[in-house]
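The same chain A turns up in both complexes below, where it pairs with chain B and then with chain C.
And then the complex of A and B:
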């Protein structure tokens, strides 16, 4: 068996703020298997986006890695150097964000955006061949009338079409890892459905790994092979998508699933998770979820739980789950 | 005997310049009811909400509130109408002035409406606990609050005026699933204790399904289906409603039927399709749909559908 494309071991990331260091990721270990679509779920402040920025080393200036290691295709970040990171960001990792307008230059045509990506990947290709490939890719991601629209600008496209253009750019880079950070969150459910169908179709042609970040459990359940659940900067549970959504073991994941799915009775009460996400300037000593957990025992407040296998087939960081 | 609706919308159209975004829409809302208004971006949901609250003029049709024409109500006493009918906007942080502390933001409606300050402020203090805010929030600025707290401030600003009817535009947009339930439960409690009627505008069908009594589905400026919530979700009649419901991503593999994937996107209202406006995207469109616009017809108790070939 070949090693995973991305191996994260005991990673810690902190942001320096006026109030002190915010420990956004703590002791995070995970693998992204080659060719898999891996879902990363969690609520605001769970560390999803920090992890998305840590993988291509795009963390902002006030962030620092406090410990642990990331290996990409077997090479440790510690041994990579700035040139290695450039190669990583420019060629091996592509990203699609929630708001495509932040990634598309408003005064540069779609043709130039796509042409630049192709030229970087295949410097030997002529202008005509670049154009042919750009049109073929736009057509593939479902932009109608691709040849005519190639000369257009970002503002001339709808939100769904812009997201298709972002996906086209990402795929033309032929990356090993595609990081999609909430790519369907701003879209209508009908358009989200079209994008999910597109991503599922594309995976047959795209050999790389996809890290799909979302707060929507349903979206992740429908698209992903594997799922990683983050809570307050730590991994709460991981597992194959089918097992995790059918037999979640971590009390946080169980509560989250009930919040999203439970149909209220005649009293109309909807479920929520009482309490707040802990302040990550001074994270709780034991399990991060213990202050809100309905089944917490004394050990949960003193000892950090490690990921361990559960009967349901998932791995959870919980002292209580079996 | 039918009860007179608290809001009666009769063939209302709304336009921005010559762009008609709401086209001859009719809808009755019963007192004490929660009605959900759903549809894709660009369907005219928010414009209809603004028309009901008279934040946007209509170009045609009438809207009656408790039996009286809203234009006449606004003309005779604008502030009195504003006290009875309120709208809470999506993105509460940006709808609250960033330079005012919460204390001033809460005092603002008292001053605007010329209410007795001391007595009204005491009401606000009493209400704060009900909506889940405490005195420590008073000296904060909007950007220092979480999304859920900012929504509670916006809600409190409305409640102090003792409204009868509130339009809530995307009340849970951007909120985490774990706190959405709290906010929706709060809306539900306030409805009972304060006798409120709600129109909830949302593209989140999971929320609409769980908190509304009735749902109205909009497509390109028109209401295409209205029905009791549970019935409509179980047996949608309009192909558009059916495809919206089928598109909801679900974690339950048993409910994951092969979804109807709607082709294309909602067209511009500048040049709406002929006949049924949905026909270019409709999986069951026939020749008649291209030429003849379907009227909305009764289809059982509380149910109406605008479709030549309903699917249920």
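And then the complex of A and C:
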């Protein structure tokens, strides 16, 4: 029980495209501790969603694992086989997806969505008990008039309500690992707030691990115990949330924090890190961030930096940071 | 909600009635355009001008066009489709007499198309790139490309003449249901074969599309079995395009029934129209074409209703659309 719930070692994932293989994840190693809320941050295209889909092996057909391994509760995916990791889905791993508008089936009732999740987790439960649990959970995640709305369909609910339904599905699966892939990105700011408050409240009842994926540092700082920063398919920095936001070591993380906090009054979206995210079809040889890095030295362009402990208490993949 | 659904149904019903009215007017106009005078066809080349004039007066052919149209519509609305110029019997009777044969043929064909096309399409979509899928692709395109009547003739040759498994022609003695069913197999199969291929192709592509939707990924993420995902969560969405095609398909099948009825020497509305055209028997042509139009429109009305049953979003939309602003 001392080992982490999820251990990812040297994981590589590539997508086959017309222009060639896109190396979305390269040599990614990380741990998800039991019972922790782990934040996964990074820009668009940094590999956040790829990692989220790789954990339950839900990668699209054009993706393939190029190397490394994933261990869940001490057992590697390679050892458990396809049947084995499919067995995890809906029983030990549950997901909340980014876009609640398209993630619920438009012609299947909410009752069926929830009922099938309960039936998968507890095959012995009767119809009546499944219904009772579904109503109780909808009530719990803040759907008013749950009993009547159970028979409804996704299009009858607002975006925020649909995301609450997705969260209800995830919780009904009683998973050890809940992956929330940018659960608030598709929502209005006020609704986003409500969903985050809901997640924080549920935290007290849900004992499992949560992988919370977001591009919003503020949200992650508020919600998460630990943070993993991805850049161009590699882990740039990891550490306890408090340490990372107080004393980030990696120049990329420092730049990200500056983007979110600097120059009060200006539109946050207008601020950015100079330069572009590297082309992942032909990633740069050394540190992926080197071309945009203000403190890069010669070594950064030739050798890939490995994660190492810094004085601030975090681990960063950087030749320069101390 | 119930009220709105009723309102939607009524508005669809009115549209349906308008389509039928339009069809009636077109049918009437057609008789004005077609060359050949029914009086001279019927009375033969020896008829004197006096006899022809008398005939035209009796048939109302000498009155002004608008008057004839008005009378034509009024009679049709009352269910009077006119009289068969040759036998003198009411056209409605002749249509009702042969309609069951055509309806049976059409719906048995659709039954074949749906019962074989949908499972084959599902198989192909769930085994993309497999040998079965590749075989089905070639077979589907072949049966879609070959015209119905060619298929009909080959089916006749193979199963009735060479193998002698099935009866050749006709509908058999009345009352013998087993024999009637046997005699239905080849004609309906010859009509259905291209539709089996068509529906299988359509089902395959729409199911594949649905299976790549994010909500299917949700079902996978919760570990639902592939069978449950395909047949409970995907098939419903994927069957909507097939349903739309079936509505149109009934029209094509009714048209195709003409070939099948002629080749297999079966009574039916197609054969009735075909024979009536040959003798310039206008009332029979009009009456039976109208019957086909009414059937087609009613089937499409039923298909529209079925959409709402399959997809709750359409149900909600149509309720909104029909509600007063």
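The criterion applied here is as follows: the second predicted complex is superposed on the first by the 312 of 322 C-alpha atoms of A that agree within 3 Å, B and C clash if a C-alpha of one lies under 4 Å from a C-alpha of the other, contacts with A are read in each partner's own complex, and residues count from 1 in each chain.
Everything that follows uses one rule, which is that contacts are C-beta pairs under 8 Å (C-beta built on N, C-alpha and C of every residue); 3 or more make two chains touch, one makes a residue touch a chain.
Everything numeric in this text was worked out from a predicted model, so none of it was measured.
Once chain A is used to superpose the two complexes, chain B occupies space next to chain C without a clash. More residues of chain A lie in contact with B than with the other chain of the pair chain B and chain C. By the touch criterion stated above, A:311 is placed in contact with neither chain B nor chain C. By the document's definition of touching, of the two partners only chain C reaches A:103; chain B does not.
Touch criterion met: A:256 reaches chain B, while chain C stays clear of it. After overlaying the two complexes on the shared chain, residue contacts for A:89 are found with chain C alone; chain B is out of touch. Looking at the shared chain after the overlay, A:169 reaches chain C, while chain B stays out of its contact range. Shared-chain residue A:79: touches no atom of chain B or chain C. With chain A used as the common frame, the shortest Cα distance separating chain B from chain C works out to 7 Å. In the superposition on the C-alpha atoms of chain A, no part of chain A is touched by chain B in one complex and by chain C in the other.
Within the complex formed with chain C, the chain A residues making contact are 56, 58, 86-91, 93-95, 97, 99, 102-108, 112, 116-117, 120, 153, 155-156, 166, 169, 173. Contact residues on chain B toward chain A in their complex (touch as defined above): 40-41, 176-182, 184-185, 188, 203, 205-206, 209-211, 243-244, 247-253, 256, 259, 261-262, 264-266.
The touching residues of chain C, when paired with chain A in their complex, are 213-224, 228, 232-233, 236-237, 310-313, 316.
Chain A makes touch with chain B in their complex at residues 43-44, 144, 158-161, 188-194, 196-197, 215-219, 221-222, 242, 245-246, 255-257, 259-261, 263-264, 268-273.
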